[in-house]
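Think of it as A, B, C, D, E and F in the order they're written, each chain with its own count starting at 1.
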Amino acid sequence: MLHTVNKSPFASLTLTQCLNHLAPGAAVLLIEDGVYGATAGTGAGTQIASCLGRFPVYVLGPDLEARGISHNQVVEGVVTVDYAGFVKLVVEHDAVQSWL
Amino acid sequence: MKIGILVNEGPYTHQASDSAYQFAVAALKVGHGVHRVFFYHDGVYNGSSLTDPPRDDRQIADRWSKLAAQHEIDLVVCVAAALRRGIRDQNLAPGFRISGLGQLVESGIQADRLVVFGD
Amino acid sequence: MSEGDGEATGLVKKFLFVNRKAPYGTIYALEALEVVLISAAFDQDVSLAFLDDGVYQLVSANNPAGIGMKNFSPTYRALEDYDVTKLYVERESLAERGVSEDALIVPVTVVGRAEMGKVMAAQDVVLSF
Amino acid sequence: MKIGILVNEGPYTHQASDSAYQFAVAALKVGHGVHRVFFYHDGVYNGSSLTDPPRDDRQIADRWSKLAAQHEIDLVVCVAAALRRGIRDQNLAPGFRISGLGQLVESGIQADRLVVFGD
Amino acid sequence: MLHTVNKSPFASLTLTQCLNHLAPGAAVLLIEDGVYGATAGTGAGTQIASCLGRFPVYVLGPDLEARGISHNQVVEGVVTVDYAGFVKLVVEHDAVQSWL
Amino acid sequence: MSEGDGEATGLVKKFLFVNRKAPYGTIYALEALEVVLISAAFDQDVSLAFLDDGVYQLVSANNPAGIGMKNFSPTYRALEDYDVTKLYVERESLAERGVSEDALIVPVTVVGRAEMGKVMAAQDVVLSF
């Protein structure tokens, strides 16, 4: 299952709620305001980092750029993808769950 | 692969419609089919023919119409959600049609993947 | 219902409706329920997940008359008539909010967070609003 | 006391419009004046003449129109927000008018209180 | 200043953010999904309770009823008002800040 | 601008625009800025507060071309020409998000949370979106 999160973790509890429900085979993709969660050195970034050992985490590049977050600010191990990569992730997983 | 898309939010206010559009374009580019885009909740506002955003901004309704025409994509606006929000045939943009929620469930059944964009 | 039959393809997929938002403050819960009722006509394997603020949707004492809205919680009772019986409610979400299982309007399966994660992982189509 | 109201969200989707309406009714009942209701962001959708919600549901655009007629309340829809979202004179409900953001600022200046309802 | 909060504290960080900015003379009114924050015995309820010594907290009754929260579930000391009471609070305070 | 002058009542109120939402994910920040620019024509005492996710609005590196949107952050630079110079940014909000003051597109007054509370308390009209 591919899980997408589109909310800022500094405003909404959605990221935490998503991470609490990951099962084997899950991957997480941060999009829209959700990409703020990938910022290294923040509380959300630490949550993401501690998740990485068990689940891959991706972040949408165009949404990072829109928000002025450079690659060196992103938590190490989080993989940046473009929209084509987003499509690829959707295809590679059996289903998609959007955490709205 | 056949992909269905659900859009839950209106244009401009939330990024959902933008993300759905960019995703659809990317999927089509690599050869996947976009089976249907279903517009629910405030998503029905995407189908308004009366929007007139600033010239230098993206034309959201128009670009959905064009994408649908180019790739024969079925753009379905939920009838119940649309009536509640003032979208009817008289102010429906080209390429959109108004139909029931069954079209969303059918999209879930027939498409290989269903991707939801919302608030 | 003919709509479902007419579209029958023989395919039966596992549909999950994820309810994470409170009722009344926004329309998502009400409009989600409308999709669930329609989906019942398509002979699919339908489940509903209630977690986070979604558990508030099922509170039997909800009474929005004073804010001019219709109480749609009783509609959850109709789900059984449509053979929609897999209603999963998350224990941790109830506890965090001080909502007791007895306060819910329909019988549900209360599951822990880890099990809810497994329910989610087992689906073919996940609809969230 | 003269009260101004700002509504940032559309009808039905968020409770903001309901809360603003109930608040306005209560204020009028105890003798306050509602100077103006300004509709911004998705709030402009409140002014659509084409909404047709289920019969047993509240008629949000209608009740704003009626309240305005009864109490001579100025219902102003922001022109820039409205153009972006497909609200124009041709689909504007009775009692609403389309005008500029200056009307909101003016309401802040002239009213004794400005109360904001949104998402 | 009258501060209104309309978001559930179990989904959004808004209640906490509002409470962190109260200055002398402030009062808080919970409306819409914000009323869930008045539930006794929850994390949010505890936050509200600890705020009560310094600032009055009100909750909108019709929104409580809509959500099935009975008066005995509300944090002690939080005052329930109806829409007329909401209007009165607006009049009694110099200005209103809506935490959206 | 004539609109402000035409409506002049002699009253000068303290207006605060509260910005707590991130840009681009929703339109609130952009449309809030449009009100601020209009308000400048009314000769009022205008302040802007940026806290919580609102601080992201001022990040100079924002570049939404890849998502098809216009970059409106540079518009904050125009505020000075309209004599809107009281921009308060909350220190704790910046720190929590790992955003440095140097990353902001305009000069601002960075204040602590308690002081931000006092700025809010001193206003006549508070607009939030």
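As a convention for this text, a contact is a pair of C-beta atoms (placed from the backbone, for glycine too) under 8 Å apart; a residue touches a chain by one contact, two chains touch by 3 or more.
Remember, it's a predicted structure, so these values are computed and weren't measured experimentally.
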item: Between chain A and chain D, the fewest steps along chains that touch one another; value: 2
item: Interface sides of chain A and chain E: same vs different residues, half threshold; value: same
item: Of all other chains, the one whose Cα centre sits farthest from chain C; value: F
item: Pair with more cross-chain C-beta pairs in contact, given C-E and A-B; value: C-E
item: Between chain C and chain B, distance of the C-alpha-averaged centres to the nearest whole Å; value: 24
item: Inter-chain centre distance, chain B versus chain E - centres from mean C-alpha coordinates, in Å; value: 38
item: Contacts with 2+ other chains: residues of chain C; value: 20-21, 24-27, 52, 67, 69, 125-126, 128-129
item: Junction residues of chain A - those touching two or more other chains; value: 6, 10-11, 13, 32-33, 62, 95-96, 98, 100
item: Set of chain D residues in contact with two or more other chains; value: 8, 12-13, 15, 19, 22, 41, 57, 114, 116, 118
item: Set of all touching chain pairs, with the criterion as stated earlier; value: A-B, A-C, A-E, A-F, B-C, B-D, B-F, C-D, C-E, D-E, D-F, E-F
item: Chain A to chain E touching residues, read off their complex; value: 10-14
item: Parts of chain A lying in touch with chain F, wherever the complex brings them together; value: 6, 8, 10-11, 32-33, 36, 39-43, 45, 61-63, 65-70, 73
item: Chain B to chain A touching residues, read off their complex; value: 1, 3, 8, 15-16, 19, 22-23, 25-27, 29-30, 32, 113-119
item: Complex contact set, residues of chain C against chain E; value: 20-26, 52-53, 56, 59-67, 69, 96-98, 103
item: Complex interface listing, chain C residues touching chain B; value: 3-4, 7, 9, 11, 13, 15, 27-28, 31, 34-35, 38-39, 41-42, 44, 125-129
